[in-house]
Every structure is written in structure tokens, then in C-alpha cells.
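Right after this note come the structures.
Shared chain: chain A. Partners: chain B in the first complex, chain C in the second.
Entry: the complex of A and B
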């Protein structure tokens, strides 16, 4: 009697499940489109680019980091600092120690105080951070129409879209469409939240001359500097993925041993027969 | 093995080795063990991170970057700890929903469940406080939004907030005390977990059939130790995918921007594991009401042993409940989705409907269903 009643409940339950699935599908079709989610600071979503390092088992392209550093030093570094990157970080990544020492010695660093209590200048060392263009935030704002060029050490991790966003932003400058008034001192860039950015287009074909002879087109430079900045944000990237491969490989092997052990230990109980008399 | 009969060591024996366990508990019962592993991982990595971290507004963000860049395997420690929090919540959510599916909260295990809800509350506070420590933009603004909720308390709310902050905004004093509390609370969670376990072992685990567990029990070692370790290996592999291949997938990019009280982020979003509760909070267009609803959403779970009105435990024998259970899961997923969306139509309305359903489910549907099932059981 009771079980018949239970069975009669099955149909309404299935009907209810179906209607809730239908409701779920409706809700899903109403799901936010990306632009809707950022409605109050509208920006175009950057295209997804297949970076040489984006695959699970890929390392950074060292030559691209090297070229990217050239772009940073010759173009970006006139406004943007990289406070968390020291010369020593570049060693073994894209440059040899001698090359980096030479680069470091080219700059003057204020040090001190010395025994007489005076500050003095000395050539840079491996342990010095990359030189910043401005002494402080106020100077940076004053030189840039009130806008503050962000430090680039973490920029890839600190932006939605990461490298894709940087590449799209650097190559995305264009004339504003009709009907959009770009404010004085700003530039139109659809990838920047709000569409108006204080940074002028910085990369033009041939803006740097690559030492390895690569053609310095805008998109090439944008790609290289984005790779360099991705490395700066995640210097542990290559080691991390390699460790991940080792770690997951080791635990996968352990898993099969453990699976055998578990089944071995349980075999007696799994094959027992209960008799009720 | 005579050693294991000695005082203190006999506790290990009685609870981990010879402990009688129902033979039929399946892999959903691994998650309690996994939660304890998560707690141990968080405490160990946390202790080592604290050796390199500086709880000062000018230095906290820099010290995190120092850990990431200059400390040997510091990035690994930090990524284990930050993703570990997410893993802990995944494990605990599965653990809770296993309890809901098999009605593990029914007598005689009602106090195990209530202590579990307390542990969950402590975890929420600990995780929230921990997210403030890196002192990124989301840390600062998340802390500002959430601590401000206390100001909804009538009359003394503002004074309490000032007292919590140790000043007139989230600042150095707040960061310092949050660091201290973030170190303290995990040990309170450990104590609560041991009580959770001690009370559980009074009557033993439930089982997927929801019948008397004493019918057929076997020793914890080797059977369930091996079974738990097998689950642990799967968990470690899942965990590793996040740590090594997308360590920031569960975080927010804004937290890699140093905290700046002068700049408010466009969207202030809590960590993913808080989103359902955040959605309930924002669904109520009244500050105090929202806070009360959010806290009730957690506390209502503690009432379940007394809401449950039938003798049957397992969903295997409760077809109607089984269906309703999945509506509850959908409701929580919808709330989680709404929690990450801006406060606009249609999200507000969907969130409000889901919030109402959440409470309606626990306070009305479940008691009614219990009455119906009881009636049917006694019906001849």
C-alpha cells in the first residue's frame, strides 16, 4: 500500500524535476554576457591569444622575454616603474650574468649614507631594482597630466584577461567612433575600462631596434613586452609547471598502488556472503 | 602492539585503529578525513608563511611579494595556503551536503552536527580575515564592506565597528589584530574539530542506508585508513592542478594591486565560497535585515536535527526529499552565481527568489515533508 503510494509520487517528482530543469535552462539563457557584467565600466573583452607559454606544459619563450625587456627599457620605462624586479632576477632568465652586470653598471644609483654621512652615487649592481622614472607618486602624476602610470611588476596578475588584455590594450588604439567625445588629454582605447585612457599609444612600427634582428612591428613588440611582463608577474612560472608535472605524475603512480592496496585489503569483505537463517 | 594499550596512545588506537566503523559507508564519507587534512595543511603552511609575513599596512603587500619571489619555494607555500582555503571549503561543502543527503544530523548525532555548524562559522571568519592579510585592493575593500555590516546593529553598531577596527577605518590596527586572530582561530577550529570527532565517536558514524550502524562494523585500520588515503590521493591531484597550473584562477586580479584607501574597485566581490551568503545579504533591501538573513542562513542549518520530522534518514528511501534536495543544490548554485553579479535586474529578482526559497525550504518544506512522511509510514 505504502509502496504504491511512493510509486505514484514518482511521476510528480519527475514532472517537477523537468519543470525545474526548464526553469534552469531559462535562467541559463538569461546568464550575463560579459559586457553586461561590467556594465558600469564597459570595455571590450580582449581576444584570447594562444601564447607560447599558455599550455600546461609550456615554459616562457626566453627570446621573447629578452626582446620584451628591450621594449620595456626603451619605451615603457620612461613612465612605468618595475619596483619588484631587480637586475639579478633577469640572470638566467633571458640574459647571462655578464650581460646583466653590464646593464646594471650603466645606471647611477644613489646610495649611502657613507662614513661622512653623505649620500653618494655609484654604478648599479645586480641587487639593485630596475630604475624608476619618477622619484615619487606626485612627480609621476605631475608629469602625466594627473594620471599615475602603474608599476608594471605585477600588472599581468592584476588585470582581468592578463597577457591577452595587455596585448589588446597596446595594439587597440584607434580613432574614437562617432558620438564619443574623448576628454582632453585622454585617448580612445576600447579595451580600457571606460574606453578612455591617459596613456598615449606607445608602440609604433620600428619604435625599437631588436638586437636579434626581429622585425619590430607594433604587434610583435606588444607580444614581446606582454611576455616579459607575464614573466615579471610570475617569475616562478616555469619551475611551477615543471614541479606540477612531477608532482601529479608521482601521485598518479601512487594512486594506482593505493588502489591495489585498498582492493587487496578489502577483497575478503567484498567477496563475503551473508546468509540469513 | 601492546604499546597501543597504554594511556594516551590508547586514544589513537580507540579512534583511528581499532575503532569500529560501519562497513557500508562509501566515498562520500571520505570528506571528514579530507577536511582534517585540509586543516593540517593550512596550519602548517600558515606557520611557515607567518615567518616571512609582516602585518603592517606599508609592508604587508611587499612581504607577500617577498614570499612569492625571494623565499625559497615561498610561491609554493603561498599558493598551497591560498588555494588550500578554497579546497577546504570545497571539501567542507561536500561534507555538509553529504550530511543533508543522508540526514546525518538526526539523533543521536545532533550535537555532532551543531558543532559542525559552529566549525563552519569559525572557518568563514578565519577565511575572511585571512583574505585581508595580503593587503591588496580586494582585501581592504572586502574588509571595509564586511566589517561595516556590524554597524547595522541598532544603537551601538557604529561604536562596535570602531572597536573592531581599532580606529576610524580599516587600517594598520585592523590588519594587526586580523593577523593575530588569523593565527589564533585555526587552533580553536582544531579544538572544535576534536570535539566534533569525540562526540561523533560516542555513537559512531551513520551510513548510506540510514539504518542502525551497529549491525555490521569493521575496524578503521586497515580498511578505512586505506580507503581514506585513496581518496586523499585523488584530492591531492585535484588540489595540485590548481596550485601548479592555475594558482590564481580562484582569486581576484584586484588583490594584486596594493590596497589604496583612495581608490575603490569597480566591483567588490568576496571569495567564491562566500558568494551564496553574499547574495542573500544583498537580496534584502535593508541593512540590518540583510545581515540577519545572512547569519540566519548559516544558523538555520543548526536547527535541522529538530526540523527533521521522520524516522527515515537516507534519501535512498525518500524519493520526494531526494528531488527537493537537488532543488536545494540548484538554489545554492544560483545564489552563488548571483553573489558574483552586479546589483542590477534581473539578478536582484533572481537572488531574492532564491533567497526566499532557501529559507522556505528549511523552515517550511522540510517540516511539512517530515509530517507527510511520518503519516505515510504509519498509514496502513
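Entry: the complex of A and C
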């Protein structure tokens, strides 16, 4: 409702600004900036959570990635694909090679064509991508009331608030406040832009059973799967931070050598005396 | 030469020794640069690595793998 008001106010201003841009750039810069309404303004901003990997020198928690994959496989993967992550990407990150090979062998992958020109099924290999729930976008929409469950490979980078947003979204389902009519087939979630999301609440206490005995509460599962997706979006995260430590550290040491060298080289110019006669 | 260095005081003697041993011949000097940069890089990277590990104690995959529960009995699923 508020946004409709702002849109009615701002859209003519945008049009006016755009037409005057041709007239002269200097004039344009003096005009008041048009206020733009973003879809995000209609959503509750997610709180910033102090993740185990938040700090400048903090790595991902491998145990959380491991649990997060369990949550993804048991809950999320029934609707969401992850077509940029292959089984081999999990090796050495949260699973051993043997474990991942077993996981891959459990799925059927269509491969081919063979020498007769036919497609055939074979057990999955390390190089296969994680199995997608639907063969194409149309099938995904048809199965989900017209809404497309987005691919989750890069979702943390693709949403404002990143993993904070995911955690808030997954734990943020509640009854709609009075005065808000939720359309049929949608669910109220204040963190989703617009407030109404086509995905039902997916995480309930005990939805998965963790092999390491962690209590599978809603917030724990949301935290773990958000960590897993943060890793999927940025697998180089740990190495990036470690290299940052190494390079910034090395250059901080070199800085003092450079400082000395500069003073050394300049000492001649700083101490000479010029005489003009 | 040793007598001349002995006559010098502390720091100057060290510098004179360094010069005589490492820097007088170019071949020795270049070798010193290459070998010492290799050694210093190794030492530096070992240092940052142990700092990184101490900051992120318990979070790396190696440590998580070490405390995994035994998995031998349930290999049917």
C-alpha cells in the first residue's frame, strides 16, 4: 500500500528526470534525485547473524556444511536444483571421497548416446552434478502452482542479505498480521519481498536426523543449510581469506622496508644545500 | 681481515662479516638471495598457516573428519 503511494509520486519524477537528461547533464545533476521504490523496501530486512564464518579470518565450519548438505538433500532438493555443484565438489570439503562415491552411485544418470545411438542410464559418478528434481523449468512451474523454485547453487550471492536472508526466510514463516490477505497458494513471510512466498515452510523441528547427533531444530537446520549454500556460492571462500591474510601480512612487512628504502634514497636530497650566487 | 673486524664495534662488525661472506662475490650474493627467499617464504607460509589454523580451530574438514562417528556398520543405504 505504501509502495503504491510512492510509485504514484515517483514515476512522473523519473520520467521528467529522464527527459531532462538529454537537455543537459549539468542541469540534471542539480535536480533533486528521484526516489525509486525497490521491491526490497516491502520486506523486513534480515538481522545480521554472527556466523562462524563471518569474521575476516574465519573459515567455513565443515561440520555445518556437512549437516547442511543433509538438509538440502532431504528437504530442499525435492524442489530445488543445484546444477553448478557436482558430487566431486563435496570431496574434501564436507565428505570423504568414498562417501561421495556412494552418494553418487545411488542416483541414476541418463548418459549417451552409446554406439547404437541410444541414451542409457548408469549409476552416478563423482563428475555428475547433483540430481535436479525437475527436467526443465516448465515441469518445475507446473508442479509448483506456477512458481519456479530457483536453482540454489548461487542463491546466497543472488539475494540481498545473503545467508542472513536465507536464515531469516527459512525461520520467518508466521501467521499473516491482520489486514493482510494472503493469496491462495501463497504463504506469509515478512522477509520475502512482497511478504507472500509460494514456498511453504519447509523446516520443522526434527525434519532430518543428523548423523552427528545434533538436535535438528528449525533454526539449527536453517543455519546449517544456509552455511552449505554459502559454501556452494563461494567455494573459494576459505582460500580467499587465507590468501588475504598472507598477502596483506607480507605487504605490511614490506611496507617498512620500502619506508626505509625511500628515506635512504632521499637522504641525499633532504640533506643537501643549494646555493645560488 | 678477522683482526680488522674484531677492532670494530658490535653492529659494524656484523655488517662487515655479512659483506665479506655473502656479498663480495656476485655469484654468492645471488645464490644467497634465491635460497633465503625460498627459506623465508616457507617459514612465513608455515607461520600464517598455523595462525589460520589456530583462529579456525575445530572447523576445518580434517578436524571434522577425525571426529566423525564410525560408519562401518551401516553401509546398506
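Going forward, the second predicted complex is superposed on the first by the 230 of 277 C-alpha atoms of A that agree within 3 Å, B and C clash if a C-alpha of one lies under 4 Å from a C-alpha of the other, contacts with A are read in each partner's own complex, and residues count from 1 in each chain.
In this text, a contact is a pair of C-beta atoms (placed from the backbone, for glycine too) under 8 Å apart; a residue touches a chain by one contact, two chains touch by 3 or more.
Just so it is clear, the structure is predicted and the values come from calculations on it, not from any experiment.
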| item | value |
| --- | --- |
| Partner touching more residues of chain A, whether chain B or chain C | B |
| Partner chain in contact with A:212 - chain B first, chain C second, else both or neither | second |
| Touched partner set for A:154, first chain B, second chain C, both or neither | first |
| Which of chain B and chain C A:185 touches, first, second, both or neither | neither |
| First (chain B), second (chain C), both or neither touched by A:112 | neither |
| First (chain B), second (chain C), both or neither touched by A:240 | first |
| Touched partner set for A:92, first chain B, second chain C, both or neither | second |
| Touching partner for A:61 - first (chain B), second (chain C), both, neither | second |
| Chain A residues contacted in one complex by chain B, in the other by chain C | 245 |
| Chain B residues within the chain A interface of the complex | 23, 65, 68-69, 75-76, 79, 218, 222-223, 226-227, 229-230, 233-234, 236-237, 240-241, 243-245, 247-248, 253-254, 256-257, 266-267, 319-320, 322-323, 326-327, 330, 334, 337, 341-342, 344, 346-347, 350, 376-377, 379-380 |
| Footprint of chain C on chain A - complex, ascending | 52, 57-63, 66, 92-94, 96, 99, 102, 211-213, 242, 245-246, 249-250 |
| Contact set on chain A toward chain B in their complex | 1-2, 5-6, 9-10, 13, 16-17, 20, 24, 27, 30-32, 37-41, 56, 84, 89, 150, 153-154, 157-160, 162, 193, 233, 235-236, 240-241, 243-245, 247-248, 251-252, 254-255, 258-259, 261-262, 265-266, 269 |
| Residues of chain C that touch chain A when the two form their complex | 44-45, 48-49, 51-52, 55-56, 59-61, 63-65, 68-69, 71, 75 |
